[in-house]
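Look for chain A in each of the two complexes below; its partner is chain B in the first and chain C in the second.
So, the complex of A and B:
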């Protein structure tokens, strides 16, 4: 039994709207329910449309993961039509996607996650003055340079992809714009400028050195930049023991280049990585305001329950892999890829682990982008136009900033007959399933401390934001 | 000037685009002009109860609200209840909130085409019953009444775009702060004329191809995209090619068509977005203010007169023939 119930919302500094219901007993969360309170119905909108319209409509599911949605749609259409992108088209698409993922991680750290440590509730802590100086919302000295670095990085998308968000540049057959030698130089220049800001503001050292950290102890021994500030805060607040997820991590492998995906695909659990079989995905709807039965996304439907009947409490379906919850995101991706620092954090599965995983991925992504830009061949073919699709089924799996994103499409007589999407935060913020098993964030919140007078518990905020939820993707 | 910024049934992309503002960054652009956020979902520290208290204060008139910025459409479903978006923690629909808060504001700004007209969220049969603040597509009267005016006497200001260019939003706000945006500065759909009086066609880098109707046949050719690929830049309002996006970009510079994302009902063009419907080979949508007969006459003449350089480049994915260097006269 709980002695207090809290309804937390509007939950901001996440993308979209979020409501968390908490049962609290003796100063700890004993049960949590995550409600994704907005329904739009993109999967319903897509039915009956021309297949190519998915490339215009699905990026607009999300203004922060827009290229991820676009890349997943392009891959699903390519799969359904049995077409492939030329190698340089894949490279250009990876650059577009990598820039978005990198920028999302920067936004998360500077705008969404760190400002909570500048709250007055932490006044008197040894690190508080520095947190206030660096990350006070809209004012901290780190906020402007990082927002500016992000805006500059998106120049790469402006150049290669027209604009951000909502580019239409990524197509099943490649990318629409063939970069020339001058474009490549601009991209490299922009990346060097971004590297300088990140090394100065965030890491206090070289990206190579941070990406080469081989253990949690080595990361804790990183004494420079805001990385060290976060480590100090984390150690003081015990964030290595808070917000522990399922410690089962899924990644489909990021950035499909011609020679294979840049990071590995798989499911990590208990130190072992097994193959990821998308056939094992089932979306449960028992606690969603959805009608119908649990189904694989290739057979799934989206039928909102207009009566919002119990036991439903969210518009989000509950995807399960082999019947079980999995966590997705930067940490999951790095763990499945086998990076030694991430492997050291995998069992911990905490708030700290998620943030460290994201910082690690910031460093690695800049290095990847630099390699890809150097490998751009201005003389190459960037697109083989795909014929229009009449019949077919396909799946597109990509790694968005927040984790594994899948699009499943069925085309009949030249029209979309079925379109289903499972987004990263659908995995992480799913409601309970038919067995009553809570979703990853719901489970991670159990045990979070709640201060006596707290109505919007700050530790709950750290846990929720450590996942970097994107609520507009979640329900779509 | 203070701003309360609310997000509902959209993608959040107009805020994400706003964060790309430059020279100076968004915080300085607004802050230097004395514009501050009472609350913004992505930028403000306040969450949960703190926000509930703030909304209550604004609703009761205890805090004078200068600008209500609303991003995303307003969902009216299911069955007119608005329950497809209950604002978290409040037990009230966003439809209810917007009707309560809009009359309290000196100005109401719809940020993005969703908030202005319903936008993408209203596509494909509109499963959530999405409408704009003051327009349901082209029809006036939506979440707010047809005759709604904010305390300033202006209707909802529709900064339409999907997403909005960061400067469309910042400059609208700067003009409001400076008292420089009146009824005459809005077009027939209440869009700020400083960007809506231009066409996307203005400054399009494909204009030479357009002049000769040297048309791309697929999305990796450089030619004009009007004839085959659904581009409506000659009819769409926006200064996208006058002041580009994210440094040097625009949709047409990215080599994909303008889909008139600043217009009501752009989400349902009645044909696939990247295909141009034609009747007897003539595109259905002709350039704004251009008589059909003239267009046909000029098009056939210019097609016949297309220089080889332009014809070759139009059907290539990159520039293959440079303009010849003129000899000295």
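So, the complex of A and C:
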């Protein structure tokens, strides 16, 4: 087969716009370039505004991970003002954030990832009829109950945060809503209902059992629910060998509670976890339509290049940790946290590993949420006063559904002087850096098969979607 | 266009029973503030009229409107409306991808020329010839104009499409521009909010699909049935405002008592939306109920009105009913056109009040 170039996009069923340019040789991708074609300029808008406005502006970066953005902004402001949240405020914030992350994982599986297996291209495969019945876009028998469960889960955010998306409740000093005993019971009831749906529709067994899986073999041996359907599909299509990422995983540790972050912070590579030093982050702009030089986000600037000059090909900057690419997300979080199943998948770093990592996190997150809800103490203090910020610099690092999210703020004379955001998909979908090293998804696409005459190669779709890209966060 | 199936046929093919269908009709009537007498009318319309095709496009946005929409309260309403939309074009939810998807869009435009509703989420950035938002290799503004050309009417979902919203906040780096400044020759219905309430979205779209006409609009082009009252008018904390009882600091004693959030910067007195009546996340709550003031996200230019935590400034006194009303009138003057709509939509408002009363009875 002759060499050809392919432009895949717009991708639908991803958040925001995405285009990927592929060079194909002998039926395989040899080079990929990811372009995030949507730019709004949040970092420019934030300059000159009151620091607290970051709490309302930054969530609008993204309609599906708005709580992550708001949690990061609150932490950055708290850091700049040397404010700490009271323990119960942290707990309530963790519940808000955990629900959003859980819901994002459910949507990803049901709405974004699985429907691709219902495509006609897979007709005739042993599992195809079941994939069609369960996950045909909008009609599959699994889609409706899962989406309904998700809507129900957001009642918790409604109770604690007033509204979702774009929840306002998380502040540097805590949360605005002190839940009462009745709220706590409603939260617990809602979680129980969600657990039932997940156990019935997704896992076909108890969440505890799935969360306790100790190896990849044990996961492959899970024969129930749509987890088993996915395993069967994955084995048939060889998804354990497709879309291999950098196999360097970063997590800043999810959910900062009073006793520490619930999952560990660190960088995993080659079986060892080293400490994560945010000071090692540099955002490279050599292949972005951005002016300026590579810089740490605390010193970075956002200067869009209106000429969109070569060699730029994306609005996305290229964050690197110690000069190297890292993958972030549910798998990365679970690997860095040292979960045995995730550790088994870490070296594989494939499409399957990412999906399994996410399923694992679905199970674990429900268990966490149940514990946190039980620990809510309605009589406690949920917010300490935070004096208005005149001067200061701060950083807020959180784990969004799709991975590590950082906000860097500098306040001068009561106004925001600088604001930089590095989002999870900025890490995963970054363009090349000055050394020509491709970003994680660009590298993961190399080797993906492209069938003769395929214009939207289905394997490329699987690889891209396994990262659960959120393009509106990527470039903001 | 006789080849288009009716609403009822669409619903039947989705496996929805007659009983559920009738329930849907009465819910729709209630949501729209129409009396029970309208139920058979809605049912008749849905049985006999060809469904209205919908094309849903996304510009510069965060997809929060879609996210809000797919969580709407009544699953049936959502399923029905979604199933009708999915037959046509929506790039976040549809099954097709890439060029297929673009082809599907063109096909829908050709097939239903002059007969479809164009729902726009987000807005086009005009700087650099629209290069800040590229869909299918072309600026979104081109796709928008192309899809709008043969549309019967346009729905501007959310603050982005209606007013520009956050990306249009100063300095508006991309020159994000609301839909009505780009498309000037089509009826446009604005459904502002960041995002709009799901029930408001389904309500508006159901009304248009059912009655084949725009709902009554106020002077700003918003459906009067949902945007004719200020948050403040129906806020459950209003008695505390009238009594001069205010939260002074986050999570203070007054906050625990549920006092008014005016001093914490609540924009409820100047914001026209249905949050305090319809509420959010299936009627669970709304921002004020969670102890955070309203930020006025359904008002034009709400990003650049000063800090969200500063109180509404042009009030000289508060805490007394008469002054509170004056405050409201002045504010309505500022946002432009709020007052005129009160007269224009009295009929619908009356109907909605009835519904609210009956809801309270339940």
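General remarks:
Convention: the second predicted complex is superposed on the first by the 474 of 476 C-alpha atoms of A that agree within 3 Å, B and C clash if a C-alpha of one lies under 4 Å from a C-alpha of the other, contacts with A are read in each partner's own complex, and residues count from 1 in each chain.
FYI, contacts are C-beta pairs under 8 Å (C-beta built on N, C-alpha and C of every residue); 3 or more make two chains touch, one makes a residue touch a chain.
Just so we're clear, the structure is a prediction, and the values are computed from it rather than from any experiment.
With chain A as the common reference, chain B cannot sit beside chain C without a clash.
When both complexes are overlaid on chain A, the residue A:18 reaches chain B alone and has no touch with chain C. By the touch criterion stated above, A:292 is placed in contact with neither chain B nor chain C. Applying the stated contact rule after C-alpha superposition, one finds that A:449 touches neither chain B nor chain C.
In the superposed pair of complexes, A:27 makes contact with neither chain B nor chain C. Applying the stated contact rule after C-alpha superposition, one finds that A:37 touches each of chain B and chain C. Contacts of A:143 after superposition on the shared chain: chain B is touched, whereas chain C is not. Overlap of the chain B and chain C interfaces on chain A: residues 7-13, 15-17, 19, 37-41, 44-45, 48-50, 52-53, 55-57, 60-64, 66, 111, 115, 118-119, 136-138, 144, 147-148, 150-151, 154-155, 157-169, 171, 173-174, 176-178, 304, 306, 308, 315, 381-383, 385, 455-456, 461, 472.
Chain B contributes residues 7-17, 19-22, 25-28, 31, 37, 39, 41-52, 75, 77-79, 83-90, 120-121, 123-128, 130, 162-163, 218-220, 244-257, 259, 261, 267, 272-275, 317-319 to its touches with chain A in the complex.
Considering their complex, residues 7-13, 15-17, 19, 37-42, 44-45, 48-50, 52-53, 55-57, 60-64, 66, 111, 115, 118-119, 136-139, 144, 147-148, 150-151, 154-155, 157-169, 171, 173-174, 176-178, 304, 306, 308, 315, 381-386, 455-456, 461, 472 of chain A touch chain C. Within the complex formed with chain B, the residues of chain A that make contact are 7-13, 15-19, 35, 37-41, 44-50, 52-53, 55-57, 60-64, 66, 107, 111-112, 115-116, 118-119, 136-138, 143-144, 147-148, 150-152, 154-155, 157-169, 171, 173-174, 176-178, 180, 304, 306, 308, 315, 381-383, 385, 455-456, 461, 472. Here chain C touches chain A in the complex through residues 14, 58, 60-68, 70-71, 75, 79, 82-83, 86, 91-102, 125, 127-128, 131-137, 165-167, 169-174, 176, 194-195, 249-251, 255-256, 275, 280-282, 284-292, 295, 297, 303, 306-309, going by the rule given at the top.
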